[in-house]
Amino acid sequence: MRNKPKLSSVFLNGIITENPTFRLVLGICPTIAVTSGLINAIGMGAAATFVLVGSNFVISLLRNVIPDKVRIPCFIVVICTFVTLVQMLLQAFIPSLYASLGMFIPLIVVNCIILARAEAFASKNGPVASAVDGLGMGIGFTLAISIIAIVRELLGTGCIAGIPIFGAGYDPMLITILAPGGFMVFGLTLGVANIIMKRSENKKAKEAK
Amino acid sequence: MLRNQQWVLRVGFCGFGAVGKYERQVLALPKYSFKGGVHPLHDQHEGKTSTTKLPIRAYVPDSVDIPMSMSIGAPATPIVQVGDHVKMGQKIGEANGFVSLPVHASVSGEVTAIGTKVLLLGGPTTIVTIKNDFQDEWTELSPLGPVEEADPTKIVPAVQAAGICGMGGATFPAHVKLTVGEGKYCDTIILNGAECETHVTCDHRLMIEEPQRIVDGLRAVMRALDVKRGVIAVEDNKPDAIDSMKRAAAGREGVEVVTLRTKYPQGSEKQLISAVTGREVPSKKLPLDAHVIVLNVGTAKAIADAVIEGKPLIDRVTTVKGCVKDHANLRLRMGTIVADVIGECGGYTEEAGKIVMGGCMTGLCAPNDQVVVSKGSNGILVFNEEDAKGYEENPCIRCGRCVEACPIGLNPYRMKHFCDAGDLKGAEANDLMECILCGSCSYICPAKRWLTASFKSTKEAIMREARRAKK
Amino acid sequence: MSLHVSIAPHVHSKDSTATIMRDVLIALLPTTLVGVYCFGLNAALLCVLGVAAAVLSEYAYQKLTGQKVRINDLSAAVTGLLLALNLPGNAPWWMPVVGSFFAIVLVKQLFGGIGDNFMNPALTARGVLLASWPVKMTAWYLPTFCKGVDAVSTATVLGGYEASAMDMFLGFIPGTIGEVSKVAILIGFAYMLLRKVISWRIPVVMMASFALCAALFGMEQDMVTSLLSGGILFGAVFMATDYTTCPMSPVGQYIYAVGCGVIIAVIRKWGSYAEGVTYGILIMNIVTPLIDKYVKIPVYGQEKAKKEAKANA
């Protein structure tokens, strides 16, 4: 068992230092798939955050009960439960988002981020810390895919969240909302994010000296 | 499995193969050649024009610095003392072992010093300084007589005693080449008169001025090893030399002259063997494994001198070019200091930026003009500051010219990648050790990448590593 | 006396990256001029903007990343011009700018600069433009003087426009700026062959394999039209021969060229695009490292050494 980590650092960890998309590069399938629009990205991020918080909390509660050998199936069962919840809630209250996210809602079950946090954090830490970790990770994920979505939607349609920004004169660059554009924009934002983080790390290292 | 794939590829592309064959047979058959290669200074007759017509003249300096190591193998041990009077051709250094050559005095006179000197990027070498008395008094010689009558068994020992090594530049002791090991045989001797190196014309002039001696040398070797076929191979940019050799070879048993296409590195042993006999030397083996021995025409001349007159190898022809007043083909004594040679040629015309011993493609750089002429020095090229300047390496553009130019069929661009990364294993896996360091890839590279230089250093590193592993 | 010391060779061929790229630019000149003649000043503007944007992007990127600025090797200019020649004559001015930026920064520099890009920059940029603005990239117009009036919208020959073989050969057909005039492309090809910039292998084998496939598949067009229409000749001469993205060994080049020809024929016959040159060449670009890895040039003496080892064993 590690020492009890500080909650604030656990929370920030997921947003910046171990951002699931930009630093851990986990859950790339939904990242590419749902970032063609900001609304979709936020919806996906919110759904994933909800599942992360819930599953981290429950798994952390059960961490001393779950036998080590069958932990993965147990995690999956917990995660499945929350995903099913999300799916039903979305279907009931935001059917349009449910329709546009489609297959990617049930696929949250196998999202690497959620399983990875269950394995790496929730199974070793207390329930409160785990829930905070899930929240941090979820927000980090949401922020990351939102940034990608803004770039893609803006270039690909001239809008953000459906609201026209560039006006009618803009000729949208269709490729950015297609799959190849998704990879390109993801790669570029990943690169830029890494440059920024490396710079700030270097700065910190210099200050520490 | 891999074999099968290659086979399928070969069958699939036999159509294109036929095109290549047509090209070879119809366009190139009259002249012998090889795959790959480059044409350095093609627009300037390989840079040779200024000396092709100049007869060889002799130059004897006031004093010589004779190195104890003028060939590949162990250096000789000096057997004279300071103050000794030596005659021309007298042995002054004793060979150490089989792959080593004795050293002879190249002038008559007094030994004034025995010291060391740094020559051609190597470590310091022992040198014997002899002050010339200009008497040109020969020591007692023991000739074997005319080559057709000499005792065949005595020829190779005579060559060894005369201190003869390959005079094309590689300086491998000739008697070692001429010793056919057990289970091996030789059926062809090739005399290398290709002189594919740029600028150098010493072999060219030798073939015009002393063709008889060259053929005599070839016959001597053929008789010594009981070989029936002797080929003198000359590039087609030297028609006068071909004529002269053909006349000298007429009526001599088993001797023929063939014309090679002018292409660098036509005079490289492996490429020459392929061009003349159509055989390949197996990888990591010697020409003898293709039943061929290759000797330079200069070596053949030295062998003839040793057999007919009993003279040891004390001089050689060297081409002097570049920023010197008079370009020349000089007959120089071993140990002549380069500064003296340049003085003889009228001195520098501009400030020298680089002095290359040999030709442009393979020559070694001299650290200063105090280096000496030795058995492998076929040329002295003086560059001016402008031409000597280093150049910057640019990124590879993968144009594939190095692949086309490589006479061995290597991928220089890929080998360079591993060499730069310091990955010796990777470089070896890409056949770096097959590289003959001919310089064709570096010559042709439009990005001016330092290919040959890094291959050379990496090859040396691999060999060092192998020696360490053995220990 | 201080002398330079270096390792042989001490002489180098006069060709450099810049002279090679300059030769390519010269080879592109005829087809550029015909394109400008056919499509008017807008075509000239596109070419100038394409080159300028490419060179500026390269300069800016190399400055920003603290690398040595290599715009003098002219490779960026070649990329920019190639891209512009791949646009329809009436494309908007910003298209070559976006395309050149994309080609230089995303395709070339981000993968390591000259010699390290895995796809042809100009062609990749064209692919991106085609996917982004499909309508503008396929809005074909007849050369301005053909019908006596400006800008007659029409289909290309592959899309059903009827043209005589001579018109297609000379370039009086709708198409991109660079691809229309076959005679100008052939002049450029001859120049590059003469200057030994490229070998005959890729263009000739690519055209031959395409013709063979066209005959086998039974195209809608007859053979002459198939070969003279669309960008196949331009692609074969200027695009497929890009040094960085084609194989090094002669056999590898044959495989690559045959692959290009076959894929183009397949796309033209069965694909949803009327033209497949871009994708045919790009696909083979990606296969190139694999070809280079598996097609080995026989190394002198190794075959024989193996044989002897076998005989002894």
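We call the chains A, B and C, going by the order they appear; numbering starts again at 1 in every chain.
As a convention for this text, a contact is a pair of C-beta atoms (placed from the backbone, for glycine too) under 8 Å apart; a residue touches a chain by one contact, two chains touch by 3 or more.
Since the structure is predicted, the reported quantities are computational estimates derived from the model, not experimental observations.
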Under the touch definition above, the chains in contact with both chain A and chain C are none
Per-chain C-alpha mean nearest global C-alpha mean belongs to chain C
Report back the single chain whose CA centre is most distant from the CA centre of chain C. B
Inter-chain centre distance, chain A versus chain C - centres from mean C-alpha coordinates, in Å: 41
So the centre of each chain is just the mean of its C-alpha atoms; given that, what is the distance between chain A and chain B in Å? 69
In angstrom, rounded to a whole number, how far apart do the mean CA points of chain B and chain C lie? 45
Considering the complex alone, what residue numbers of chain B touch chain C? 5-6, 9, 13, 16, 38, 40-41, 47, 121, 198, 270, 274, 280-285, 289, 352-356, 358, 360-369, 381, 383, 388-391, 394-400, 403-404, 407-411, 413, 431, 434, 437, 439, 442-448, 450, 452-453, 456
Which of the residues in chain C come into contact with chain A in the complex? 92, 98, 106, 110, 128, 131-134, 136
For chain A, which residues count as touching chain C in their complex? 171-176, 178, 180-181, 184, 188, 191
Interfacial residue positions of chain C with respect to chain B in the complex: 1, 3-13, 15-17, 19-20, 70, 73, 75, 113-116, 243-244, 247-251, 254, 294-305, 308
